[in-house]
Structure formats: structure tokens, C-alpha cells
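The data blocks that follow each hold one structure.
There are two complexes below, and they share chain A, which is joined by chain B in the first and by chain C in the second.
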Partner chain A sequence: VSYLLFMCAVVPALAVQGPGIFPQPHRNEETEEHSFLDSIFWMAAPKKRRTIEINRCRRRNPQKLIETKTNIEPCSECGNLKQKHVLCSFCYEKVRRETAIIRGQIQAQEGKPLNNPAVETVVLYEGEKPADADAGKRIVERKRPRPSWFTQY
Partner chain B sequence: MWYLAKMIRGMTIEQAIAQLEFNDKKGAAIIKEVLLEAQEMAVKSHNVEYKSNLYVAESFSGKGQYLKRIRIHGRGMFGIMDKVYCHYFVKLVEGVPPTEKPRTGFDQAKEYVQQLRNRTIIHSL
Partner chain C sequence: MRLTLPALIAHGRYGRRMGLGPESRINMLRNILTGLVRHERIETTWARADEVRIYAEKLIGYAKKGDTDEKAMKMASFWLTEKDLVHKLFKVLVPRLGSEQHGYTRVFQIPNRDSLDRAKMAVLELRGNPFPPLVTRQPDSNGTLLNQLLCGYRQEVTRSRAAGGD
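Now for the complex of A and B:
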């Protein structure tokens, strides 16, 4: 232990002794401005007010105008307008409503969540009997005639 | 809103409604409602025979009331936020929309020369 203490005393001795090294002059003044508002002197700012003519040229040039769409066509099923690459919103809404009702009935049948049986489901409308292929499947009854878009087979 | 109004200027009403239906701007739904109401009004009380025989003659938007609110920024700064309202005006006219003939450079030059020729010296002999 005494050797270690001796080494610590000797090793950090400086090569240059005496007043060769001065302590760095500590600058107390801050180089940054004190208030936030003074720093805006070094920011970019507009020199002149942009006239309304210049503003109109910028706002109304063809790049900024809205382009007319050329991909709108009537739906072949219902006649409402649709975009070529998108499903018809009216037909989709009609299917969505029916499936929401069917899902509600399934939920009522199951009772609690995550209670679905490990078999397929078949939706039967008014006056329909389960076929031979639907032997072991779960049946959901709907009290209305079958919609034309919901084909059975 | 102005961009939508500019887009439908000169279109047939069916074309205008189709374009507005598939536009994503908030004003598109509002203008579409206005056009449908105007179409209905035209058929009911303005003696228009066919509801699709209309075209948009004039369509423009104007500045409405601006409500001012404070928007708080950092460092104790604040900005004045404008809650913007606007008015929308549309005029439907019965018939086929008029086609604008495209003015070529030659036509413009001819008009300019004609303007120069029309100049006279007033109060002269």
C-alpha cells in the first residue's frame, strides 16, 4: 500500500514547472445573445412586400390548380358513380350493412367472445333448407329473402 | 375553396358533381350539396325542364367572417389564429355550356395590331 501511494505522488508531476503554464483565461461573457428576439437579426427575411399580382401568379399557376379526374364512370350494378380502380361505394355499403346484421346474429348465437365453434358457417335466407354439403356446419338464419348479389353456390 | 370553384367553372352540372364527389377536400362535399340544392330549386321553381341540361356559368368564393383566436407557442410567444369562414356563390344556366375558342398567338397578334390601328388623336382637325 505504501508503494502505491508513493507512485501516485510521483507520476503526475508536470514536465514544465513554475510559471510556464498559465491557466486558460476564463471568458465569463456568453457569446450567444441573451434574449431570443436579438437572434432574429441574423435570419433571412423578405425585403419587400409581395404584390397581389405576384401572389396571384404563384397561387393560380396550372401546377397548383386541381386537375379534373378522367377515371370516373358509372357502376354497372347500381348506376352510381365510381372510380375505375375502386369498388362502388354504394354496392360496398349495401354489402357491409348486411354483413353487419349477420355478424350481430352470430354474436348473439355465440354469447360470449371467442366462443366460435370449429366448423364453417352457412347463411340461410327465407325458405331455404341446408343442403347435404352443409351437414356439420353452423347455420345462421336471416328472416328475409336472399339478396340477388349473395349467390348461394 | 377557390380552387374547387375554379375547377367547376364551365362544366356541365353532372360533370361538376362527379368531380366533386371524388375530390378529397372538405369544400368539395359542401359545394356538391349546394349544386344539388340549386339543381332541385331550378327544376321546382325556375321552370327548368331537364335537370341535367344545366351548366355552371359562374362559380366563385368570397371571404366570410374571420374569428380570431390565440395559438400558444413556446417561450411565452403567441400567435393570432384565424378561424376562417367563406361564402360560395354559383349560377347555373340552362343549356349546353359555351365552348371557348382557344386563342392562338396569331389571333392575339392580330388583335394587338387592330388595337394599334384604332388609336386616334382626340380634339384634332
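Now for the complex of A and C:
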């Protein structure tokens, strides 16, 4: 700008009548700003406070509530609650522990890994003798009386 | 061979996606099947138990052809990674389960896994295993003395009411 002013001072000015300042083009920013502000004024906003009655209707309608489960029933053996299509957790835990102990004894009998003999296995509890049907089977002995839920057939 | 139609035919697709790909899926199922033949009762996720069931029943079906059958031996040696179990399959499982046509395995759903994923678990077992039974049938209590006496009493009451009514 200082260079231009210097040039105006040295060179004779043009003999043209006209406004001292050239008319500036109307800036787009101002119009854009105006339309933006205008667009803000047309956004959605709540007009009235939602009353507690209306709020309750919305919050408590069945679609939003947790569904009640009808597939829970007491186990016929132990009385704990269980789902109808799932084994009772208490009864299964008993069976799982006993199975783990029996399997531990089998592992001890086998000694080393990959030593599974090609014979059936039978579990005998305190005071039980192998029957005729258990002739060639591998016998696993458990030092406790037979539990009532481990029936022999 | 489709064991549970709704479970397997999901949107017209047979067999689930598992592991890192089809090969990984077969390897995983092979390991689980080997475990099943060794221990005769195993706990896995429900989806894996459902898939292994198909392969277990097919394997036993093949093994029923006998020890000498080449195809049966190939199948057994592929699917059972531990070779002492091949003998167990032909000498123990086939005589035990051979009389039936299907239903050599049973699957029960158990409560969800304790860890963070709370996965849907199942216990998969072979029929006739030596372990305690998972499901005990309730004995029929109609034959007990008390129930028979009550039955007789009920019959007497209805008879007297009918007679009294007439």
C-alpha cells in the first residue's frame, strides 16, 4: 500500500471525476452470516415443559420395561431356582465335583499320559463288589458311601 | 445329517463359523472330539458342543463298519489326535453304542460361564459313561403306600357322593 501511495505522489493523478473510494463489492460473508443466524431461528425446540404425567406415560410404557421371565422354576430335587431349559446349578455342581474326583483317580491309575486302556470303566463306592457284568472292566474305587443321586442303572 | 434343524439351518446355512477359518474350525472341533472320546463328558460352549455332536455321531457311525474297514480307520486316525483313543473307539465305544442307530451323545445346557464373557455353556457326554447321571428321572410316586391309600380314599368319596346324590 505504501508503494502505491508513493507512485500516486510521483506520477500525475488521472483526471477522472468519481468517488474517492471505489465501491466495495457487497461482502458475501455478511449475507451468509445472516442466513446462518436465520437458520438457527428455525430449529426444533420444546415449546412447553413435559409434565410429570406425560413423562411417566413415556417412561413406564411396556416397550421400555424389562420383560418378566416366565421360564424360572424351582428344581424338583434341591428346590433352588433354575431355568426350565438349563440344568440346576446346584445339582450340576455336585455331579461335576464327583466327576472331577473320579477323573483324578482314573488319571492316577493310568500313570502316564496317553495311556487309556481299551476297556470300560466302572465306579464302585464303599462296600460294593464288582458284579458279574463288570467282569473285564477297569475299576475305580471311591472311599465314600454311594451318593443317592448316583443310581446304579 | 442334521441333528437340530432350527439350530443348524439358520438362514439357510449349514454349520457355524468358528475360529480363524474353516480349517481352524475343523481343527478346533477335532480337539474337542478327541477330548470327548477320552473323557466321555466335557464342558464347552453350547455352539461348539452342538457342532462336535454332528462329527461325533458321524465318527461312531463310521467306526461301526469295523476295525478292518479302510475308510473307518482313516476317519478315526484323522479325527482322534491321540492314537490310544482309536483302540478305545473300536473296542469300547462301538460295542457299547452299536445297538442304536443314532443318539450316541447328549447335550445339556448348564448355567453361563463364570468369567467375564458369561458364555452359554453346555455339557456334552457319550451315552453309557461311567460317571454320575446329569439328569435323574423322578421315580413314579403313584406306587407308594400313602399315595395308593389316598387314591382309594378319593374313589370312596366320589362313590359315596354319587350314591348320596342318587
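The criterion applied here is as follows: the second predicted complex is superposed on the first by the 88 of 153 C-alpha atoms of A that agree within 3 Å, B and C clash if a C-alpha of one lies under 4 Å from a C-alpha of the other, contacts with A are read in each partner's own complex, and residues count from 1 in each chain.
Here is the rule we use: contacts are C-beta pairs under 8 Å (C-beta built on N, C-alpha and C of every residue); 3 or more make two chains touch, one makes a residue touch a chain.
Here the structure is a predicted model, which is why all the values come from computation and not from measurement.
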With the two complexes superposed on chain A, say which partner A:43 touches: chain B (first), chain C (second), both, or neither. neither
Under the stated touch criterion, which partner chain does A:149 make contact with: chain B (first), chain C (second), both, or neither? second
Counting only touches as set out at the top, which of chain B and chain C does A:72 meet: first, second, both, neither? first
Residues of chain A touched by chain B versus by chain C: which partner has the larger set? C
Once the shared chain is lined up, is A:99 touching chain B (first), chain C (second), both, or neither of them? second
Return first, second, both or neither, reflecting whether A:114 touches chain B, chain C, both chains, or no partner chain. second
Within their complex, chain A touches chain C through residues 76-77, 85-87, 89, 92, 95-96, 98-99, 102-103, 114-123, 140, 147, 149-151
Show me the residue ranges of chain B that touch chain A in the complex, using the header's touch definition. 3-4, 6-7, 18-19, 21-23, 75
Residues of chain C touching chain A in the complex: 38-39, 41, 43, 82-85, 87-88, 90-92, 96, 108-111, 123, 130-136, 138
Partner chain B, residues of chain A touching it in the complex: 36, 60, 64-66, 68-69, 72, 81, 83
